[in-house]
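Chain IDs A, B, C and D follow the sequence of writing; residue 1 opens each chain.
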Amino acid sequence: MPKRKIAVVVTARPSYSRIKTVLSAIQEHPDLELQLVVAASALLDRYGSAVNYIEKDGFIITAKVFNVLEGENLTAAAKTTGIGILELSTVFDNLKPDIVITVADRFETMATAIAASYMNIPLAHIQGGEVTGNIDEKVRHAITKLADYHFVASESAQERVIKLGEDSKMVFNTGCPSIDLALEIRNSKTLPFDPYEKYGGVGAKPDLSNGYLVVMQHPVTTEYKDSRKHVEATLEAIYKLNKPTLWFWPNVDAGADGTSTGIRAFREQHNLPNVHFFKNMEGKDFLQLLKHSECLIGNSSVGIRECAYLGVPVVNIGSRQNRRDRGGNSVDVDYSQKEIEEAITAIVKNDKIVSSSIYGDGKAGIKIAELLAEVPLQFHKTIMY
Amino acid sequence: MPKRKIAVVVTARPSYSRIKTVLSAIQEHPDLELQLVVAASALLDRYGSAVNYIEKDGFIITAKVFNVLEGENLTAAAKTTGIGILELSTVFDNLKPDIVITVADRFETMATAIAASYMNIPLAHIQGGEVTGNIDEKVRHAITKLADYHFVASESAQERVIKLGEDSKMVFNTGCPSIDLALEIRNSKTLPFDPYEKYGGVGAKPDLSNGYLVVMQHPVTTEYKDSRKHVEATLEAIYKLNKPTLWFWPNVDAGADGTSTGIRAFREQHNLPNVHFFKNMEGKDFLQLLKHSECLIGNSSVGIRECAYLGVPVVNIGSRQNRRDRGGNSVDVDYSQKEIEEAITAIVKNDKIVSSSIYGDGKAGIKIAELLAEVPLQFHKTIMY
Amino acid sequence: MPKRKIAVVVTARPSYSRIKTVLSAIQEHPDLELQLVVAASALLDRYGSAVNYIEKDGFIITAKVFNVLEGENLTAAAKTTGIGILELSTVFDNLKPDIVITVADRFETMATAIAASYMNIPLAHIQGGEVTGNIDEKVRHAITKLADYHFVASESAQERVIKLGEDSKMVFNTGCPSIDLALEIRNSKTLPFDPYEKYGGVGAKPDLSNGYLVVMQHPVTTEYKDSRKHVEATLEAIYKLNKPTLWFWPNVDAGADGTSTGIRAFREQHNLPNVHFFKNMEGKDFLQLLKHSECLIGNSSVGIRECAYLGVPVVNIGSRQNRRDRGGNSVDVDYSQKEIEEAITAIVKNDKIVSSSIYGDGKAGIKIAELLAEVPLQFHKTIMY
Amino acid sequence: MPKRKIAVVVTARPSYSRIKTVLSAIQEHPDLELQLVVAASALLDRYGSAVNYIEKDGFIITAKVFNVLEGENLTAAAKTTGIGILELSTVFDNLKPDIVITVADRFETMATAIAASYMNIPLAHIQGGEVTGNIDEKVRHAITKLADYHFVASESAQERVIKLGEDSKMVFNTGCPSIDLALEIRNSKTLPFDPYEKYGGVGAKPDLSNGYLVVMQHPVTTEYKDSRKHVEATLEAIYKLNKPTLWFWPNVDAGADGTSTGIRAFREQHNLPNVHFFKNMEGKDFLQLLKHSECLIGNSSVGIRECAYLGVPVVNIGSRQNRRDRGGNSVDVDYSQKEIEEAITAIVKNDKIVSSSIYGDGKAGIKIAELLAEVPLQFHKTIMY
């Protein structure tokens, strides 16, 4: 029997980190062949060149597709998706995959979903069924309605996908593959690398040995024009606290420039003797950094997932993760300098934060690969009610 | 207060017929301004040039977008959608509509839905929530998850959209606008035009005064390669019955050429002294033709909707309308010459078939226009569970 | 030393016929590796599915790109080219060819030329420098200005490319590769196959043993709306002559439907007891058919090139080949039934028509492959005056 | 008689500056109607948002087209052009212009040229026939072969376009419209505005009253990877000279990030107490700035054209302007810190530099508008030899 060809389209740095263990598990599975397509911001310097990490990690890239349209408005996001469909159709037509995998809910993942489902290629969706209260919900649930297999990350996500009318036999709670990496470093005692040396970056180089904060804040698509104001609240809070802080640039989004501009302008106007800025970091190193930090600040889903598993305190800002399941390690605050500052101060003192396996047990990659080898190949479905 | 700008994207002849009364109602509403975009197969000769009817009906076309990629496979459907997104984004960016309307479930309507929702333009979907058991379900329900307002055609559709997690306050059972046209001709006593003279077409010109059949059979996307076999069963049944028959060419779809080739080949090999072929017909004239026919044969949704309202018998073939609500006027058969033939014979004798208002009371257009003028302008939603 | 990777983009049936011997010669050359990309109408049934012949001839297709936009106007030609650039860029980015080859002057060959030259990939152009007096001149000469190597088909073409400011060291008169096939069948004594049996087609099956005509007439892009009228003049002449005639459908172009519609309509209105219609034919078989015919009628460049080499009489209609070098085997007429009819009658009696090697000696393929292996790899040029 | 509709596609900040007087002249001409399309980098913040200046100058924008594909390689330039064709075709199909104008030789201007010429819309090219010895020559001369009217900027350009086989009756030496703006400020005695106050920017604010340098250096497409090294030579020369200097960021190009990164890195490593950086400046203000400067350094065509007319000394670096006509105000140097430094020192002392009208007399805009109103509308041409 020929191996099943599994095409995975990676479109962004954080998506790659999230599903790296799925890629490895597919590659190692005797009945599966990996067709890795790298596209969109995963190819771009400005957004951390995930492609370099992918190659360094030893994956063979089957095709690259540049499809990010440049622009400071939402039109560019729509057009990026359109170009993605146009080109991924050609890629799939040439690769003839048995199953296509699309990851999560970034706007451009819709391109993968539409190309595959319109071409009658069975489509698997990783991380459907979650709720955030944001624009990415439209994308996420629409992809659920296009997908044939659902590899969800939590029980509540599983229930929600079934409520959406999907066949429960095709909805699998595998846990989130991002937890797989966290499993490996869960027992780390000290930070095993010097982040300044290994990742460069710019700004001050505060001493990290007595604790440090990590910040990662993305623009929120539907509140496009406010991106700059949002990041300024965080910048001011960090400025006031003046603790050793490692700040990560946001990845691409329609409002990216609002956030980035806000950071750049603040840096030019203020002295930040305790803040270092990184563009990006390999997934496992980033988890190590979080594991040994006092607190993560921002709106990254890493705070909700991996940090829950690792038991790292999180100050979660704004609406981006609004209705996602929480593991008890985080506190939610508004875009307010005062709220952010106070929440950080409180949470770093809180010694009750423990690990939670709400997003899985660290074996999602292997589970997903096994399912991919076994599920019936089908692209025809009907709503269950 | 400035008028609300309502952009409607018409992508196919049948879609135009279906929402013509919505267009009129928008145009006549004092608080609304119609921005009519004509795209995809609605611009093409091969598929009946809906654009000509639109202009003849007096609508002003704001923009035209050619985006149908040619091809004999499903790749073309995907690429058509990608190009549609790319170009409709530019159109919307220039027109700045307050609300965008997308109609039903043809594959390329997804382009309208994605362009609008990604650009944070409130999106209204007409005819969501229905069930057919086919590939168009993926499209239809995915659009529901992208749309902000739902103008559904029946009670069961309304319930289904709400079950899909939509806010019930934004789900309106307006009835299907296609019924609006049927309302106008419901009491017609005789066919008010000579179809041969008015619409040309090719083939025999059977006498219609003692009853006639109408055939309209579209390819079924997920069963692409079988399209030809499917249409041949119908062709053979009609050939055997040898009754006066008016046959309509299918509109565009990935498998269109399968069906069309089947018809062409059959015509070359058989003498069909009682069959006339039409490419297309204005919506209201088509309803008149159905109203005075003995039976509609095929898989068009017109059989399920308008014919239910008009009380016209229908032999519905195959899976295309599988789980749509029925009004009691139709019988379902497989792609089998024998079944089709017997069902036609039986149903033309059946005198129990009466009108049903399951798909509305013929005032959907006006209701929709009123709602468009009143609904809150919003593009931010979250799933209700 | 690694082999030079030579990407050839084939976009249409006639282009494939024309450069088939180049493909073989590249494939057989020890220092070259062929990367064959099949795109545009070469993939479509409606235009003769060159792709099937390519595969049957044993070539491995590296990538397929569907990019023909459907439409009855010139907008579609422009958009097809745009999509071609978008997708071929991705193809080249993934294949990393050392040289890209584009063929002749069809509108969509510009896509190949732009993608390659913008990506700094050395570009070779086959068949530049010719003059026709038509819209394809804009394309042909513009490609000359983008190309780095010129493999031209005649002395006058060579002179013209040099006059256009190209470096004479990079302009090679290899002869036209289409002549290579003609060389192989030059001495054929009888038609070695039954065209009806081998290629099907529709219409009458006249006896070919006492001579026959061949017709191949393409629409002329800049005279789009007149395409139908043009073909009707030819149809009427052939109808009047009533000699055994083999008629070939035109390949894709913005006006294709004008020509095709004209033929279809004429067939429905007239009895053509001596005319058979073919969709397409393998290159070598087509040359055999011409070799044994009395005369070729139409506006195909085959009449100007291969027929010159084979010494077959040609009635060349209209402006399409206007200023191309002639070998003495053809007579030019207008789109006039009378002129066409008289010219055919006269030329089939003319026994002075002999072979000419104005378009080469039948070894273009091998010469081109050798040059591809030797030319310096460069993409930087400046006009010579 | 209806006005002739003239569509002008502006794709970049420098192009807008260059043809602003053409736009005004078209707008004011009684027989012409301006259809202004703004596309590509002209819409983007990163490249100086020409669109804002266009609106501020009172022009009505008929359509906007976002088509810049993001990427750090040449693939993006090709794809940007492909998307441009796809979308401009739709724009032209809806606007139905009588003549389309494309400007100069930036890669994406090819999109305008192809869309128009393929759609049989007469195409006018401004600034053809020049020679630079760079990749933009391919673009420029290819556009000449697609264009129907040529509005060239100098006598030698006129001769060259005619040598390229164009009909001399359609080649008009109007002079360069960029000189029109220079005409207006030719007699300015002092800088009429404070550049720091009016345009912000970053860096030191050196006193300009005793003379200052202006730097504008763009990446050179074919030498993509060297962009950074190139700009570093200039940075070091300026650093050594330590004179008041106003430095302008480069506009978009495949290598833009090489140049920009070079500048950013240099700024972080060196103290530049005499250098101020601007992102962009209104055309006329920029000319004022040049008029009162001691010298322009870099590779901008402004140095070759406007500075020749204004008699401003120029140190022209590298190959970008290689074979353009010179007016006697410039000296050419290599990418060498030493050469640049010495050339600046020598040229600011040179008092022999005078004004030259080699690029026109400042009335190009009006001449072009008059020609647009008078030329025969035609899109059919043939090479003259």
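Operating definition for what follows: contacts are C-beta pairs under 8 Å (C-beta built on N, C-alpha and C of every residue); 3 or more make two chains touch, one makes a residue touch a chain.
Not measured: the values here are computed from a predicted model.
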Chains contacting each of chain A and chain B, listed by label
C, D
Find the chain most remote from chain B, comparing centres computed as mean CA coordinates.
D
From the mean C-alpha coordinate of chain A to that of chain D, what's the distance rounded to whole Å?
42
Chain B and chain D have mean C-alpha positions lying a whole-number Å distance apart equal to 51
Can you pull out the residues of chain C that are in contact with at least two other chains?
66, 73, 75, 79, 83, 86-87, 89-90, 93
What does chain D use to touch chain B in their complex?
63-66, 83, 86-87, 89-91, 93-94
Residue numbers of chain A touching chain D in their complex, please.
43-46, 66-73, 75-76, 79, 83, 202, 257, 268
In the complex, chain A residues that touch chain B:
73-75, 77-79, 81-87, 89-90, 92-93, 107, 110-111, 114-115, 117-120, 131-135, 137-138, 141-146, 160, 163-165, 222, 224, 322-323, 379-383, 385
